[in-house]
Each structure stands twice: as structure tokens, then as C-alpha cells.
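Across the two complexes that follow, chain A remains constant while its partner is chain B and subsequently chain C.
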Partner chain A sequence: MDFPRLRLMRRLRDPLGWGISVLSTVLVLAALASIIGNILLRGLASFRLSVFWTVTHGVAGGLENAILGTLWLALWSTLLSAVPGVAAGLYCAWLAPPRWAGAIRFACEVLSGVPSIVIGYVGYTVLVLGFGWGFCTLAGAIALAAIQLPYITRATDAGLAQLGTDVRDGALAAGLTPGQTVLRVGLRAAAPAVLSGTLLAAAIAVGETAPLLFTAGWSPLVPDGSLLHHPVGYLTYVAWSYIEQPYPAAHALAYNAALLLLVLVLVLQVAARGLARRGLR
Partner chain B sequence: MAQAVSLPTSTPIANTQVRMADAAPGAHTAEAVLEACGLSVHYGTRQVLHEIELRIPRGTLTALIGPSGCGKSTLLRCFNRLHDVNPGVRVEGEIRINGYPVSAWDPVALRRRVGMVFQRPNPFPGRSVFENIALPLRVSGVRGKRALAQRVEQALQAAALWDEVKDRLHQPAQALSGGQQQRLCIARALALEPQVLLLDEPTSALDPVSTQRIESLLQELKSRCTLILVTHHLGQARRLAEHTVLLDAGRIVEQGPTEQLFEAPSDPRTAAYLSRAE
Partner chain C sequence: MKPVPKRPWVGAASLLLGGAATLPVLLSLLLLGVLAVDAVPAVRVMGWHLVTDSTWDLGNLYGATTHVRGVPVPTGAHYGALPFLVGTLWSSALAMLVAVPVATRAAILTAYGLRGRWQRMAAVLIDLIAGLPSVVIGLWGLLVLVPFIQNTAAPVLTRLGRWIPWLDGPVTSGMGLLAATLVLALMVTPVITSTLRELLAQVPAEIREAGFAAGLTSWEVVRLVCLPAVRSGRVGAVALGWGRAIGETMAVLMVGGNAANVLPTTLFSPISTVAASVAEQLDAALTDPTGMALHALSALALVLMVISVGTSTLSRLLVRRSAQFRHAAQSPEDEEVSPWTSRASA
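This part shows the complex of A and B:
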């Protein structure tokens, strides 16, 4: 036990640790600010309201097809992931034997660790080629759902864990079946957490590019409501590929798409936070 | 009773329910409403209850006392089969209610007959005062708006909470004070008109005034059902209980009429516990 030395190390390490963390915070914030600032400046500079009602034409035109496609994909991916995600979370938190709960949590961790491009590639080989669906909404939505699923499961699981098993036991002791306990007491009480997790997952899905390139393809047409055999457009494609084109009009469109994405994600995040805060009260 | 016990354990559940309903609530007879025979409980490989033998007479309040961790909550949860949800728990031996083994029951039907109140108030979050009581009633088959409203009011009256909440029935239950929430939980259990009410340290999280309220409530409830009260508060046991059971390290040390157990304990360990706890 060499106390003076320990004290010396602590005295040196403290400012060092502080310095590093302050520096990294500043770096992260600066990077974020420059990205957002850049998108805002360039996106707003070239923004025209007509992007809402014109489709993309070659390297120019509007974003109607991409905006509707993004919403259409996000709607289906959220529908596809929310039901099994919430069910798995409910089961995991209140009903599953510890071993099963552990297995589900582990599977979620693994799934959320899989790079999204791999999910896209699996979707391509299985759905697009294997099932012969071609590039289509459903293949894209399933790929996105695989990304959203673990978030939703975890949010539900955590929402119920916050209530504690006291509430579960109270419901069981009051003569509710396990199913009623989970749905009518657990889900009801955890609804804000579940909804906020679902919206956050949707915000993540809306910002994905890689899995969609392989599954949804790209289309300059407004989605026609079909799920199979018709490729679909989305904002991230425009932001990602038009920036590489050597034309100013293409750049403008890419920045417009990025701006709209930013706004969409922000709205979803704010809604999710609002719900989460309401749940705490 | 004897006839009931001699029936095979495969008595159809419907039949059992009729018998359970037959037993008049509050009939003051000395017969045991609740018996445990050779009851042992293991959490995984660890045994926490050893060969418990217990008889609890109808229409009385029995206090369950003992040092922390001795297995009081574990024993209580055997009576309404709350251990069923936890696959790591093994329950051996038999518990009979009105002579019928609880293992022959559908656990959900059993829990509607054997209510439970927990240490910390646990109203259903995000639901109103009214809904907290109406939900268990509804899922147990009570239909109709008026019937529900009437049963909810009766339960709140019985739990001495009606006057305080009658104007805020549709506000969130979690906006009530701790003591009110606990009485709401008692009302929730009473609404199903249970024959047995299990109470696991119901006042340990409450202030003296709320505690006093709940104690007088329990005193009145003896006419409606059989009560089993876990408490760390020996004064509470003496004030309320006809019978007291002392548990230590998963074994019953002594059980008997409360006065006798406190004044003239027959086991030296009882005397030691009482002097240490007081």
C-alpha cells in the first residue's frame, strides 16, 4: 500500500481523463455541427417546394417518389417488426424462464450487431433471388424490420423491467391469466416506452441505405402500392448516389434529400422522447 | 370435511369450485380452512422451507413472524401458487383449502379465491382507480356497467377508501398516496370476495396513520375472510392475530394462540426471538 504514490497517480490521471473526455466531446459535437450545418446550408440554399410533387428525372427533378417510398417502406418495416418485437419483449421480461429470456436478449444483441450491409445481402440472396420477389417493397421492409426488431424488443423488455415483477405478481394474484397480465397490465403500463422505442427504431430504419440497395432497388416512380416485383425509391438513395454525380443539379437534389431525412428523423426522435417522458410521469 | 379429504385428488375442478363456493365465508368454526402438510420449497438447489405443517382456522387472522429471510414470503406464495410462474422454484408437499389440494386447482381460479396484498403497493400503472378494481372483476366474468360499478364501490367501501376516492375514480391510481394505494390494493383483492387473504407486510412501507387505518380495516375483515398476515411488527401481531406462527430458517419454531406464544412461549428459541425483536 503505497498511498503517496497512489495519490500522485490520481492527481495526474484526473486532469488527463478530464482533458481526454472534454476533447472528445468537443470533437464529436464539432463533427455533428459541421455535418448538420453543411446539410442545412446547402439543402436550404437549393430547396424548392416542388420537390414534393415532382419525381426524379435522370439526375434532377424532385423527390416525390423518394419521399413516398421512404414512408411506404418505413410503414411496412414498422408493422412487420413491431408485432414480433413487442411480443418478444413482453415474453422476455415477464413470462420467459430465465434461460429463454437470456437467449432472446443474446439474439437481439447479435442481430443489432450484424452490419446492415450483411442484412441487405442476405435479403438479396434469400428474398430477391431465392423467392424470386425481385427488388421490391416487401424485401426492403423485411431487411429494415430485421434492423428495427432488436430495438423494439429491447425497449419493451426495459419498459416492463422498469415496472418490476411486483406489478406482474399483483396482476397474477388478482386472478389475471399470464396472457392478460402481460397484455392488459404490462403492455398498457409500458405503452409509452414501447411506442417510443418503436419510433426510435423507425428513425433508424429511415436513415438506412445499405440494406435497401440490395432489396428495394431504386425507382423514379411513385410507389404504386404493390409489395412484390416493383422496385421502390427512397431518400437515402438520392443522398447517397446523387452526391457522386458531376452535376450541380444532382448535388442540390442530394442535399435536399439529406435535409428531408434530417427533418424526418428529428420529428421521430422528438416524438419518441416526448412519449418516453410522458411515460416517466 | 372428512368426506372432502377422502375424495381422490383427481376431483374435477368444476366440482371443487362448487364446494369452495359452498363454504360460507366468515362461518366461525374451528375447522381448518387452510392446511399445509410436509411443505418444502427449493429455490434451485437451495431449500428454504422444510416440512412445514400448518393449520389455519377459518375466520381468524394468523400472524406469520420470523427473522428476515426465514421464508415467510415464500410460504405465503405457496398458498396462491404464485411460485408457478417461476420455473426455478420447486414446491413439495401439499396445501389444502377447505380440504382440497390447491394443486388440483386451476391456478387462476385459485387466485380469485385466495387474494394477496404485497409489501409495496402495486396498483396497475397507467390505469385509473376504478380500472384497477374493475379489471380483475371483468376478467373473472363480471359483466355490465352497473354491476361493475357496484362491485367497485363495495370493494372500496370495504377497504375504507371510498370516501377519499369517490370523486377521483377515473384519475390515475398512482396519483394516490402510498397508504391509499395500499388500501386500493386491498380493495382490488376484496373485490373478488376471496375466502382467504394473504398479506405480506402490508404496512411496512406506510406511515403510522396509514398503518393504523389498515390495522383497523384488517380487524373488520375477519368477518369476511380468513387472513394470514406476515409482519415484522410484533405489536401488530399481538393486536390483530388470534394465532401466531414463528418461522426460523425455513422451519416452524412454534405456533399457537397469540397470547400464549407471546406470554408463555414453549420453545426457548421463541423467547429468544421475541426478546431480540422487541
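This part shows the complex of A and C:
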């Protein structure tokens, strides 16, 4: 039997389905292009090199304090999250009994599902008020580290899982101590995955705003190296709050901050991807 | 599986690393515990009105305090979070309505429609959106999306408002529910796309080839074979994106129009969400001498955490179940693309 109309419909649906898929993908990529294009255009149009060595004053000035503050916060938060994160990942992949590993992975998933504003809020009530630290670098860095921790744990865990437990058993059979097995064999083999996960986590720290508003505060001064009791500035704050000011100079600063954020995050992401691909080979 | 043979060393190393590994567990419990304890006074004062009333008023922060059920509260204070809850629900649900079809199609194309360098490039670029700082996306919303809504989209849509009430004006600034929805949709699209793409890539080649052998066209294989094969994973991917949309703060704060005490009635109404209101109100809440405003914000944060952790946990379970099923069905040889699959999906 032959159903010509049915056959025609089937034949038409095929290009229609794929066509809509292409359009959807193009739409998403066009939005990305619009974001990067607009931020680049606006940011570069008002860019002056002096933002690198001038601090913010009032609604104008430069971004020296914010740039250094962002790097200072990201450095501490990444240090604070990478050490326990890598340790937890190693434990999960090679040492833990399966049930424990499952529970820890589950906790990581729960933690990465917590909205960043909630982490910032708890950081405020516990660290800033409870411990009496005030707005400071350490409170901000701890809030960021809580967001980064599950990413680094998962990256380490996945990097070692790719290796498989045969490598571990082989190293043990060859007479290495368990410590040497974990550190020399496991960590070295998983190093690209660990590093790429850490760089991605650093990119997250650079781009976060909500958890910092009430832990790091804001400061127009260049960070002085203290961890407690002194608020610190960061780029995302400028991009968010200066665009709401009615002055062109403030808008220019917001565009510049967004431009620097975009460049910083893209560089970190590209580096992370490059490392991850090298690790796969 | 016996993990590692016993030696005195193992105990120490295992203990040290295991200690670090409990950190995610402890942190999750700490967040939940702090919020739950801190929210108690606000819940005692407001009861269910906390989530059913539409008036959020911190009261007179410099005047006398009154006592409600034995708890000191600033005079005139009232904490009704319904508009924030409704704003969260509408903006995230509408965002999913926009994002899910687009993200699904993009995942299908990047999983089956593209090959080699093109596939990698499209996947990397879409993932890149997930890595953009939310203030950068919020800024783009203010610069591009809000003027577009105000000048182009709204004049067309409000003309239909005569017949469809939720498309009616006033439009005011272009900030509002529609802008928040579109910004959120853009932010969750890469989350859904990359999750779904990985699941689709794991669908065994045999069952796809069985589809082609049965005479299905390449699109019919996608629609009738591949998508049903990852059904629970799809639900999970959507829930994962939804959890993200619920918790997003900065972008909504920037383009949502900061409504307070009003429920949204149209697509152009200004809105606020639970997450955005916590960020917005903390400054004012600090000046409350009774501390009740902070307790009320804790209650908001608790509600937010429970909702978003609930959806994202559920989603991960669904995605993992779907992925495990696929792994079980897949043998290593499937990695190689057979001539059948590559011809049919090229």
C-alpha cells in the first residue's frame, strides 16, 4: 500500500526539524556574539590605560583597586578551595569505600546547587557578624571558596576516574607505598584535569558578585594585604553598581570593568580547556 | 571492592584526605542549619503570612519597637514575601518555556548534526555562555535587551494587549518580567544544552541504526528513538536549568525593575525574585535595631535554598540514572562511528 500524503509529510518534516535546530543554535550563538561584541565595543570606546593605575574615587577615577581586589580575592579563594578540593577528589576516586564516595559526591552536588546569594548571606551572618570580622578579604574568599570547592573536587575525581583503578593497583603491585601511589602516580596523572578544574574555579571566583556584596564589602582603596577587618573592592561590583549611576564617567567605568572581567574570564576558560584537552591525549 | 591494602600509612593518608572530603557535607549542613536557626524568630512573628502576604515593610527602624508573640519587632514591620515568590516562579518558569525548546534543538544539532571541528566549536561556544559573569550578562541586558523591549517588542506586543490582558502595558522602562525572563533563558540554555548533548551522545549506535534500518528519516530517529531514550535525563537537564534560574541574583536585580509589594500582572510588570530581594534588602535590614529584618531575610534565603537545592538534587539523580542506563547498554566498540550513523546524520 502507498500513502503519498504521509510520505510527503515525512519528507518535509526532516529538513524542517533540522532547519529549526540550526536556527536555534544560530540564535544562541548570536546572543553570545551580541554580548561579547557590545561589551567589547562599549568597553574599548571608553578605555583609558590609566584605569590600571588610578583608584576609584566617587563615581569616576580608575579601577586599580578593583582589579587588584579581584585578583587578591580570587587568589585566596582558589588557595582555600583547591587544597581541600583536590584532597577530597583524591579521596573520592581512590581511597574511599564506594558508599562514602557516593555520599561525598552527592554533597558536592547539593553544594553546587546552593544559590550564590545564599552562601554570601550565610557568610555575612557567620563570618562578618558572628566572628566579628567585618567586611574583609577572608570572608569574601571563604564565601567564594564554598562555591569553588565542589567544582575542584569533581574535576579531580573525574580526572582520576578516567585513569581507572588499574593504575592504582598496578602502582601498589610495583611496590610503591599508598602515599607514593596517590601523590606520585595519581596526582601527576590527574594534574591536567586538576589544573583545568582549578582554573575554571578561578574564573568563577573572578565573575561572582552576589556572594561578595556582603562579605567583602567594597573599598576604593588598593588592597593593603590584610585579610581581616578591611573591606576590599572588586570588578563585578563596579560593573553592577556604576551602571545605575546617572553619570557618563560612571558608565564608562562600568563598561571598562565588564570588559576586563570578560577578558579575564575568557583567558582563564581558554587556558582551562587547553589543559583539559592536553590531559586527554 | 577493598580500596587499598592495609598499612599504617594508609590510615593517616585516608584520614587526612577523608577529613577534607567531609568539607562539602559539613558546609551544606552548616548553610542549612544557620539559615534554619536564624529564620525562627521571623517565622514565629509572621507564621504562614510570611509566604502568603504581599506587603514587605521593614517598619519604622528608628522608632519604638512593639512585641509580637513575645518577639521585639519594629513598629509597622510586616514581612510578606509573596511578590518575591511569585516573581521567582514566573520569571524562572517563563525562562524555561523559552529556553527548553531552543536548548533541546541546539543539543540535538551539536550531538548529531555537526561533526569534527564544527561540533567542537559549537559546543565550546555554547558552554562559554555558562562561564560569562552574571553581571556581564546583566549589563548586556540593560544595554541591548531592555531598549529592544522598550522600543521594538513592547509597541507590537501591547497592541495585542486589548485582547490578551497579560500583554498589556504600561511598559515604562522595558525592565521587568520579560527582560528578566529572556536574560534567565539565555543563562540556563548552555546548562540544558551541554547536559542533554552528553546524554544524547551516549545513546548506543545500535538503537539509532535500528531506527534507520526500520526506514525512519534522520529526524525521525532523533524524535522517535534518541529523545525517548534519554527521557528521564531530559527532565533532569530541565530541572537543573530551572534550579539555576531560581537562584540567579545579579542579572535579575539589574533588569527585573525591582518591584516591591506588587504582584506582576503583565509581561512588562517590574518584578523582583527571592534571590534578588535578599541582595537588595540586606543593606536596609542591617539598620534594624531588633534584628528582625535579618531574620526575615534568613527565612527568604532558607526558602530559596530549599527550592533550588531540591530541584537541582532531583535533577542530578534523574540525569545520573539516565546516564547509568546508557553506560550499561554501551560497549566500548560503540565509540567508533559506523558508516551507517555517519551517513544518516551528516
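As a working rule, the second predicted complex is superposed on the first by the 257 of 281 C-alpha atoms of A that agree within 3 Å, B and C clash if a C-alpha of one lies under 4 Å from a C-alpha of the other, contacts with A are read in each partner's own complex, and residues count from 1 in each chain.
One rule holds for everything that comes next: contacts are C-beta pairs under 8 Å (C-beta built on N, C-alpha and C of every residue); 3 or more make two chains touch, one makes a residue touch a chain.
As the structure is a computational prediction, the values presented were derived from the model and not from experiment.
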item	value
First, second, both or neither for A:Ala174, with chain B first and chain C second	first
Which of chain B and chain C A:Leu163 touches, first, second, both or neither	first
Partner chain in contact with A:Pro97 - chain B first, chain C second, else both or neither	both
First, second, both or neither for A:Ser24, with chain B first and chain C second	second
Contacts of A:Ala45 with chain B and chain C, given as first, second, both or neither	neither
Which partner, chain B or chain C, touches more chain A residues	C
Touching partner for A:Ala191 - first (chain B), second (chain C), both, neither	first
Partner chain in contact with A:Ser116 - chain B first, chain C second, else both or neither	second
Contact residues of chain A, present in both the chain B and the chain C interface	95, 97-98, 168, 172, 177-178
Contacting residues of chain B [partner chain A, same complex]	80, 82, 85, 87-88, 108-109, 111-112, 115-116, 118, 120, 122-127, 135-136, 139-140, 185, 188-189, 192
Touch list for chain C against partner chain A, complex	1, 3-5, 7, 9-10, 13-14, 16-18, 20-25, 27-28, 30-31, 34-35, 38, 101-103, 105-106, 108-110, 113, 122, 124-126, 128-129, 131-140, 142-144, 186, 189-190, 193, 217-220, 222-223, 243, 246-250, 253-254, 275, 278-279, 282, 294, 297-298, 301, 304-305, 308-309, 311-313, 316
Residue ranges of chain A touching chain B (in the complex, touch as defined)	95, 97-98, 163, 166-178, 180, 184-185, 188-189, 191
Touching residues on chain A, where the partner in the complex is chain C	10-11, 13-14, 16-18, 20-25, 27-29, 31-32, 34-35, 38-39, 42, 83-85, 87-88, 90-92, 94-98, 100, 103-104, 106-122, 124-126, 146, 149-150, 153, 165, 168, 172, 177-179, 181-182, 200, 203-204, 206-210, 213-214, 236, 239-240, 243, 254-255, 258, 261-262, 265-266, 269, 273
